[in-house]
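Here it is: the structure, laid out below.
As written, the chain order gives the labels A, B and C, with residue 1 at the start of each chain.
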Amino acid sequence: MTRLTKMLPLVVLAVLILLPYSTVGLPGVFEGSLNSPGTLQMLAICLVFGGLALGYDLLFGRAGLLSFGHALYIAAGAYGTDILVSHAHWPLWAAVAATVPAVAVLAALLGAVALRTTGIAFAMVTLAFAQVGWIVVNRDPGGLTGGEEGLPLDSAGLPASLVGVANTVNLYWVALAFLLVVVVVVHGIDRAPLGRVLTGLRDDERRVSVLGLSAYRLKLGTFVLAGALAALGGAVHALIVGGASPHLASADLTLSLIVMAVLGGAGTRWGAVVGGVVYAYLDQRLTQVGGALPGPLSQPLFILGTLFVLAVYFAPGGLTGVLKRRGRFA
Amino acid sequence: MSTVILLTLTGLGLAALYFLIASGLSLVFGLAGVLNFAHGLFLSVGAYATWWAAPRWGLAVAVPLGIAAGAATGALVEVVLIRPLYKRPTEQVLVTVGLSLAGVALLQSVWGADPRTYPRPAWAAQVTTIGSAQVPDDRFLLIGTAVAVLLALLLFLHKTRYGLVIRAGVENRDMVSALGIDVRRAFTLVFAIGGALAGTAGVLGGMYFGSVSPGQGASLLIFAFIVVVIGGLGSVTGSAVAAVVVGLLQQFVNYYGAAGAGDVSVVALLALVLLLRPSGLARTAVTA
Amino acid sequence: MILEVRDLSVRLGGSHILQGVTFDVPPAGVTALLGRNGVGKTTTLRAILGEVPATGAVEFGGEPVLGRATHKIVRSGLGYVPEDRCVFGGLTVAENLRLAVRGADPDYDTVHELFPELRARAGQRAGTLSGGQQQMVAIARVLLNRNRLLLVDEPTKGLAPAVVSAVAAVLGRVAEQVPILLVEQNLAVVRRLAAGAVVLEAGRVAWTGAASDLLGDAGRTRTLLGVGRS
């Protein structure tokens, strides 16, 4: 059983790597065959959200920081990359390489202020900071962000292998690579002594302070790392959907990250990843089939929000918690 | 001069909306310890109830109905969803998050995502001349209502037994229970009051903006959060003062500065307050 | 016995704070609950009050109370004077007292007789009172109602010696009317007030008996309470 559990992530990875070579269709689950561009793009978005949710869970599930402003860093990554590529005509790699550290600096500055508060006040402050991002993006300063329409990514600045419907598969690889990066980073932290210190921080801050570690610096470091991962994810997201949209900066996006982490099982190894993938899949799939459903069921957020509320009551450990319990009793 | 008068009264009108939302949020958080993301939903429910009822029965019935709908939603949410999670604050926040997502989607499925024209009394559409400024009368409606609500709330908090329980509960609710008082009944009450005030804000906001849409509550809610933090969690008077500061700052900077600068300056103010008295804020947050 | 505590256990955040505490409180006089810092005295009181989840059994006046809501347990006649007093600093003295009134017939006479100062300071915010005055408010709160037992947690902590003696005198007079379970570090106060004593050690009862037997034996006092002088 334990050996199987250990192998399972590798098996899933192998399946994910081989998936674009499959022409199998899953009617009802996906509209086209697995290797059709539509399905691959949908899967790529799911993988990106898996990574984004796990990055968020570094804050929420591991360090116990209830940030309501994570969308800011995702949007900063997406818009930063997009603006450098589309307006300044930088090559993609340079744009990403410049944007991610810049966003990390932004996270350090804002985190330094926000982390002076704790608990609910911290949640409110991060929310307020992110709201500024949302306002700025929507106001389209100097024509940079494209306002409510968003900013399409100028394909002239992209490598040819990432342009065009035929190359959707490459975007899928990029998304998978991003998810891998986040998993490696976050699980690396989990295994390192730092991980135990972080969860110690979540459970009882005083205990960590007693150990002679500065709780503030630890939290700030985590905040910055999570911000950098978010920025990378934002850039990948912009690449996959072909631009940055104001929705990335909205409070709703952060709320959905929380939903993903909790639905999957916050603070667990794979919970947030599973939650992110499942949420992103349902969100897209329900939008596709939504028109056919009656009344409120036509709204993906109604179904997801309701599911989430039910999960908080009846499945406190999230999806992975439920599976684990099943596994134990089966 | 006329611009200053108009900006001041418009800023105060906005402050009135912020106060109506923030005072309820602040009381709910101060007493029950719940950061209520569903507060925007209470607002939307109130706004839509009045919008729906006005063409049928007229505003005289529709407005009280909207306020009552907000109050009922607040009380219902507390009893059904929040109460079972007592002493689990993170889960409570999560539930209100889920509720706000699902609730807005529900409203959207019934009335669509597009803004609907909002009814208002004929006199609120007129203007009054003050000095050289032409001030729309709806500003006075908003300001007048907020002042009346503030006075009524203060009277309630300081002159009634329930008000006493709420003020004490904001300081230390465990001790209120240890005096033999069922403090949870007061929780339901503050949710109902918060819902009623949010419903009022929904109705007035609809009249002020001239339209209502499902997401309206959520966008006002964020500024109300800022008002709550600046004003001090759990303090009604603090909310009133902070609402005025935020409303005026936002209006004036938006007019004289770049587009959106007013909104940004409000957040800058928040950061400033946090930097100057972080422990003060944290202390409020912890003891409340 | 007015209060019977049987096998009371409390776990908080993974640590087993109380591990089967058993003792009785007789229906008259002062019973002292003693022990070194962190042995679970305050937790015992809070578990009796239903403020922390506990297992075991607690009978108050012959009725099981464990698992009931705090406000219901208190209303059945249990007064609580918490550690650090917990008066409401933003409320006036009069409001603090009014909040505590449970029945239709609050005993303001006793309160004003014992604490004439509180009448003079009725309009003052409790947060601006001295520690001793706040302790008066905290004790006055339980005297307004007809209680069958008082739980009093470290009433002399942080007070000036003269005030300690005044508080002890008040508790002595109160104990003539209603039994008290008293947590107290000041052994002089214990000696003056308590008839019975229960000593906790690491979440268990280590010793039960007459307070004079405990305090009269310097060796026993030292082993159980960790204090040399009496």
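Methods note: contacts are C-beta pairs under 8 Å (C-beta built on N, C-alpha and C of every residue); 3 or more make two chains touch, one makes a residue touch a chain.
Remember, predicted model here, so these are calculated numbers, not experimental data.
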{"item": "Chain contact graph, described as a line, ring, star, complete graph or other shape", "value": "line"}
{"item": "Farthest chain (mean CA position) relative to chain A", "value": "C"}
{"item": "Length of the line joining the C-alpha centres of chain A and chain C, rounded to whole Å", "value": "52"}
{"item": "CA centroid of chain B to CA centroid of chain C, Å", "value": "42"}
{"item": "Mean-CA-position distance for chain B and chain A (Å)", "value": "31"}
{"item": "Contact set on chain C toward chain B in their complex", "value": "49, 51, 69-71, 74-75, 80, 82, 86, 88-91, 95, 98-100, 102, 141, 145"}
{"item": "Chain B partner contacts - residues on chain A that touch it in the complex", "value": "66, 113-114, 116-121, 123-125, 127-129, 131-132, 135-136, 138-139, 141, 251-252, 255-256, 258-259, 262, 295-302, 304-306, 308-309, 312-313, 316"}
{"item": "Contact footprint of chain C on chain B as seen in their complex", "value": "164-165, 167-168, 171-172, 174-183"}
{"item": "Complex contact set, residues of chain B against chain A", "value": "29, 33, 35, 37, 81, 84-85, 89-91, 93-95, 97-106, 108-110, 218, 222, 225-226, 228-229, 233, 258-260, 263-264, 267, 270-271, 274-275, 278, 281-282, 285-286"}
